[in-house]
Amino acid sequence: MGEIILTMKGIDKTFPGVHALDNVDFELCRGEVHALMGENGAGKSTLMKVLTGIYKKDKGTIIYDGKTVEFTNPREAQQAGIVIVHQELNMLGHLTVAQNIFIGREFMKGIRIDDERMNVEAARLFKRLNINIDPTEKMSNLTVGKQQMCEIAKAISHEAKIIVFDEPTAALTESEVNELFEIIRDLKKKDIGIIYITHRMDEIKLITDRVSVMRDGAYVGTLISKDSTKNDIVNMMVGRVIYEEPKTESKVAEDAPVVLKVEGLNAGKLVRDVSFELHKGEILGFSGLMGAGRTETAKAIIGADPKESGDIYVNGKKVEINTPEDAVKCGIGYLSEDRKRYGLMLQRNVAENSTITFLENFMKGIFIDNKKENNETEKYIESLAIKTPGIDQLIINLSGGNQQKVILTKWLVRNCDILIFDEPTRGIDVGAKSDIYKLMNELVKEGKSIIMISSELPEILRMSDRIIVMCEGRKSGELRIEEASQEKIMHLATLRN
Amino acid sequence: MYRIRQSPLVKKIGFNRIVLFLVLLAMYCFFAVFAKNFVSYNRLLSAMNYAYFLGFLSLGVTFVIATGGIDFSIGPVMFCAAIMSGYLLTHYHWPLWLCLISSVVIGMLYGTLNGYLVAYKSVPSFITSMAIMQISKGVASVFTKAQSVSWPQLVQENGWYRNLIKTRVGNTYIPVGMIILLTTAIICAIVLNKTKMGRYLLSLGSNKEAVWLSGVNVKKWEMIAYIICGTLAGIAAIFFVAAYTTVQPGYGDQYNNEAIAGCVMGGTSMGGGLASIGGTFIGVMIISILQEGILAIGLNKNYQLVITGIIVIVAVYLDVISRQKRN
Amino acid sequence: MSRQIQNIPASSNKSIVQRLGGQNVVVFLIVVALFGFFCIVSPNFRRYSTILSILDYSYYITLIAIGVTFPLITGGVDLSIGTGLICYSLIGGYLVVYQGWPVWIGMIVCVLCGAIIGFINGFLVGTMNLPPFLATLCTMMMTRGLGSICSTGLGIPWPTAGTEGGWFRTIFKLNIGDMKLPLGFLWILLLTALMSFVLNHTKVGRYIIAIGSNKEATRLSGINTKYIYIAAYVISGTFAGLASIAYSAIFASVYPGTGAGFELEGIGGAIIGGVSMTGGVGSITGTLLGVFVICILKTGLPFIGLQANWQQIITGIVLITAVLIDLSRNVKGTKSITTAFKKR
Amino acid sequence: MSKKLLPIIFCIVLIASLLAGCGGAPSGPAASGDTGKQAESTPDSKPADTETLNFAIIVKSYQSTYWLAAVKGATDQMNARGVNATFNGPNSESDIADQVQMFNDAINSKPDGIGIAACDASAMLDSLQAAKDAGIPVICFDSGIPDAPPGSVLATASTDNYKAGVTAAQGIWGALESRVKGATGKVRIGVVNQDATSESITSRGLGFIDEITTLCKGAGKSVAVVGNDYYVGKVKEKGDEASADIIIEVRVPAQTTTELCATEASAILNQSDTIGIFGSNQVAAEGILTANQNLGVLGSADDKIIAVGFDAGSIIKAAIKDGTLYGAVTQSPLKMGQVTIDLLIAAAKGEPVSDVDTGGAWYNKDNMEDPSIAPNLYD
């Protein structure tokens, strides 16, 4: 391991409602792969965004290559040799792969962009990383995995001194993961420092040298990967927070009535012939890689996306669901993975967000009965322990967890029996996370049934009674909780058929 | 400053409204000082002539903008309604009341067409209204053989509709129009803030997908917004002719801009989800006082256009930064 | 941003690829069909002189359309081009006719004014983050006013052909004996080629497309989007300036208070030519063809004895149909929230 | 924070440009609102006259130089007789609402008299009533207001537009007569009108059409009027298209802009049987000329189309000089301006006033220089 190339000291960052980073320290050496771990919302990504100048830090110092630096935008960071492979893909769908890779630093021939050369360079780059992608292909035509690879290739092509990988493997199949690891080892040899953000314990041992853990926006500690155990890390990550024990067996009787039955559902290329049953009082886990078609399945079920074929039965009788309206009438509620975009009405307040699903219930004549509305909302704020200054608070000012609870509220207000939770704990802090888990368990006790889509295996194993694994739009397997394990799920998730 | 902003009353009315109102006052004072006998009841009355039809247009488009759309056809639609119904009155001798209704209906029809295309065919609202604008112009002049239509005078038979803006009692005028406009504004405010419809409109303006996934028939409600807008344009038509009697085909675009300007000035954000009827009302007042004052100090309408433009830019910019702060 | 992936659904990718080639062909066929139709219906239409007039009346629309294509591709819009066109022509003409400045300076002034207004638009949109629609709506009102203010409300008769200073009219139409050459069309073609090059092979163009397809990502790639916006709107403004020259050169005189509505024809042309309101997609050649659909209608309809007012109705309908077709191919069955509502 | 400064800087820039606009104005020909202020400022230079009369004069627009001539006429007279007048006018002759607003505004600023060239005959009526109530005398010029409330409009100084149209018809007949007589098949005479809305323009068109009709009948030919339904409906007799020897085709653009006028004109000129065409005002005439740029069919030769315009302006004048236009009818805006002022003063002093027909005169390249015509041929 070479000498230290990067030191971050006492980094502090606050967003309205959340204290994202609380006096965080971090250091990185040349030729080191330094894993950064922590639950969602622990502040890993935020820290990296501060490093690369996407966010401006409130306090703290960054020493890079011996000099104190303060990047005001990603470009400066890039030029200094710090690049980040974002968890969310930053692709320009209308441009070709090569054009994406060299965006912002095109090869010029006079005033003309030299696309030919860019294609050649890109091809050479892919060859070096032995990835098989056509540089002249439109970015939007690639699979999520390939797009991810392009992102990585782009980062590497910057001739960087530090590369940040933010959950790079989330979308990759096993073979692609191995390719990636090859690349990373190769980079190590070149003395490049690598910060590797991940959730997958097994990867730590595989390629990282050290692992630093964050929790609730604070730095917890650093371990040497090879002489630390999984549990050490987990303990650091989870800390004092108590989770329910991982389920050992399902409490749902085999013969529990089927509330939702989907048969041969087809919708686009990400939902191919999906069939399953949801029992009363059951939490049905949907696992799989990013882009495996879980969300698409959910959207097809609630009629948000048009389905080509397939039958849906609610409580045994066949129903026609063509729009979310129909779905809600059948008592199916959907909590989207992307809160901001599909869940929240940012400019409106808590009460309005909570009652939107069931306004009919709050009418006095033609007018809205604000009193009733407020009481109802109050009640849920109470029971769900939503932290908000008041019901007339704009929802945009709440923290992720509380926003999620408000969204949950609107389905409880509507009193739906079937709830589809899409990544219910994405990007919310640990405390709120366990609250959500408790809620889910209470809900099923009340006899509601839940479909939980989640990319976090621990979450799946902790909550589900049954697990359905999807791969490339197909249901690649179904596991009873008793038999389920991370390995089995990963295997099914990357199963080709 | 901060304390003022936080005081409950201010919060209730909205800081920007108050500022806007002060601007209005300041403007009036300015003209009172610089324009020859500007401070007179008649001045206000004639300024209001302009405010009435503009007011209805603005109120209407506020609903559309609240849903995050835009209606760029209200001006020509207003003209079209006025012309066609006027033609029915003068050439086919329909009873006046029927013509007034038909004017509103015509507006409503255009609104419906507009709304249908936007909501159900998901054509960008800008383009639809652009096309509707052309169509309404064309229809109007086809219908009237490209000639202008003059509604009857107060003194002539069927002239009573002109009392809708001001009625003479003794030798003073009562601004009936103002009363009507205010009532409409209040109704609009109630609809927007207190009824299911208003709630849905604002919500889907704020996040259409979310409302849709919440099981609301967004298409229907979005369409309704445009229908309201069209209908109000139809009413605006009545007040336009009540003020100016004559309308000719092929015009009316300039009123789009002023109506939208008035609405946006009042703090309704183009992003949708935030709308203020009160603000719109003040915005319209500002524009009408401005255009009266500009004339009074011996300049012509062009200056009004430029100044309005500047005011809008500043208003919107303030809106933008305030929102940036919140995110 | 992960949503951006879904935003361009697999189904529509092909149509994007096709559109650049495919749609142009379709529109071209429409142009030919229209032209043929009028030729058949009206004998008077089949004349060299008619083609000349079609071209004459197309120049200014074509120019503003080419210009506005760039803001459209960034996902914005520029409304100020129509009234702007008249405004610039009035200012320039005023200097020439009433202040006795040489014509060539007047022309430069036209273009400069365009560039300035364009810059203001770009500044409002890029730096002050105003919604493009509103920003340009304001400049639309302003140019409408400014034009008449600067020309003191006068209609401006630019120097007529033959008279001293009338030479500039020959830029667009060269008379060799009785033969009239539509020189303007040559310029249009050159400009089209030039701007296609700018759009597809220069950084500015590349970044304009990039912004149109994903602003945030473009910013993260370390590109200063502000400048790109300004560039896009300056281009559009400058072309409005050029258009104002074309307008003055073709028509006898320019009158204040006119010009509203030109922008619709320009934008309409671009849309018909396959530029998508949601940004990221569009081609200059497409725009050129789109404009000719409108222009042929505009010039042709009077020939089949249709009163002027019908023309407006028809253009309106044509526009909507064009967009509907575009949508149907773009969304391809999936009324998926992500695609249908992408704009917001 | 610097971001906060942006709009302020920005506005300064804009206002600056705006001022530049105004700054430019006075240096231009006497026109627009600004001249209003100029005019007002004149008396300060004069020996202070205790009761200087103040008049407000509202024109249809400043679009065509015609109005400048009128304003000039008025300004000269105004200075000559030592009174004040403010001039104003809407952007285009179709901004009726704007003009009404201007009129009301004028009333409210209580001048000693108002001179107006109404864009629309009926839009003004109420305002006229108001003026009457306020005891402000109103003088109309250029176009009259037929059914004004009695006692509101004291006098009108205008061209009899119908007559002017007739004059134009007689003018063109001079060149057409032989051809009409000689014509074997159908022949076509076109009329391009800026709009079907303004009283002055429509009556010109009608005057022209009716006169041509009678003349042709005189020549023993049958006539049919086709095209814009409004005109067709209004003419004395529309005849039957199929049988008629002479077809009078009336076209009206959708909006009063040059390019639309041009499109309509070229539609007429393109027809092989067209022998004559009339543009009933400056814009229309210029439209015809624009269309002709491509067709080159206008001229006085036998195989050419005879074109007749209305009003003057550099372009029309040039066209008449080089023979593209056979001739045109001019009104006398200068005189109109003077007369308006005289009438206003008389009215303000309470003296009796009566209508004045300022007359329209036929001119072509032969009599352009005549002292009776020349002064009215403004640029």
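Letters A, B, C and D mark the chains as written, and numbering starts fresh at 1 in each.
Criterion: a residue touches a chain if its C-beta (ideal position, glycine included) is under 8 Å from a C-beta of that chain, and two chains touch if they have at least 3 such contacts.
Bear in mind that the values here come from a model prediction, so they are computed numbers and not experimental data.
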item: Separation of subunit D from subunit A in steps, with touching chains one step apart; value: 2
item: Mutual neighbours - chains that touch subunit B and subunit C alike; value: A, D
item: Between B-D and C-D, the pair joined by more C-beta contacts; value: C-D
item: Of all other chains, the one whose Cα centre sits farthest from subunit C; value: A
item: Approximate Å spacing (C-alpha centroids) for the pair subunit B, subunit D; value: 33
item: Centre-to-centre distance between subunit C and subunit A (centres being mean Cα positions), rounded to whole Å; value: 43
item: Overlap residues in subunit C, where contacts from two or more other chains coincide; value: 124, 128, 142, 146, 148-149, 153, 256, 261, 307-309, 311-312, 335, 337
item: Multi-chain contact sites of subunit B, meaning residues that touch two or more partners; value: 137-138, 141, 146, 209, 212-213, 249-250, 271, 300-303, 306, 309-310, 313, 317
item: Residue numbers of subunit D (touch at least two other chains); value: 6-7, 10, 14, 18, 32, 34, 89-91, 95, 228-229, 252, 254-255
item: Touching chain combinations (by label order); value: A-B, A-C, B-C, B-D, C-D
item: Subunit D-touching residues of subunit B, taken from the complex the two chains share; value: 35-38, 40, 42-43, 46, 49-50, 137-138, 141, 145-148, 150, 153-155, 162, 240, 243-251, 291-292, 295-296, 298-303, 306-307, 309-310, 313-314, 317-318, 321
item: Residue numbers on subunit A that touch subunit C, as the complex places them; value: 54, 73-76, 78-79, 86, 88-95, 99, 103-104, 106, 108, 111-113, 115, 138, 140-141, 144, 147, 268-269, 291, 299, 304-306, 338, 341-342
item: Of all residues in subunit C, those that touch subunit B in their complex; value: 77, 124, 128-131, 133-135, 137-142, 144-149, 153, 256, 260-261, 264, 267-268, 271, 277-278, 307-317, 319-320, 323-324, 327, 331, 335, 337, 340-341, 343-344
item: Subunit A to subunit B touching residues, read off their complex; value: 16, 302, 304, 323-325, 327-329, 334, 336, 341-348, 352, 356-357, 359-360, 363, 366-368, 394, 396-397, 410, 414
item: In the complex, subunit C residues that touch subunit D; value: 44-45, 47, 49-50, 52-53, 56-57, 94, 98-99, 120, 123-124, 127-128, 142, 146, 148-155, 157, 160-163, 173, 178, 180, 247, 250-258, 261, 298-299, 302-303, 307-309, 311-312
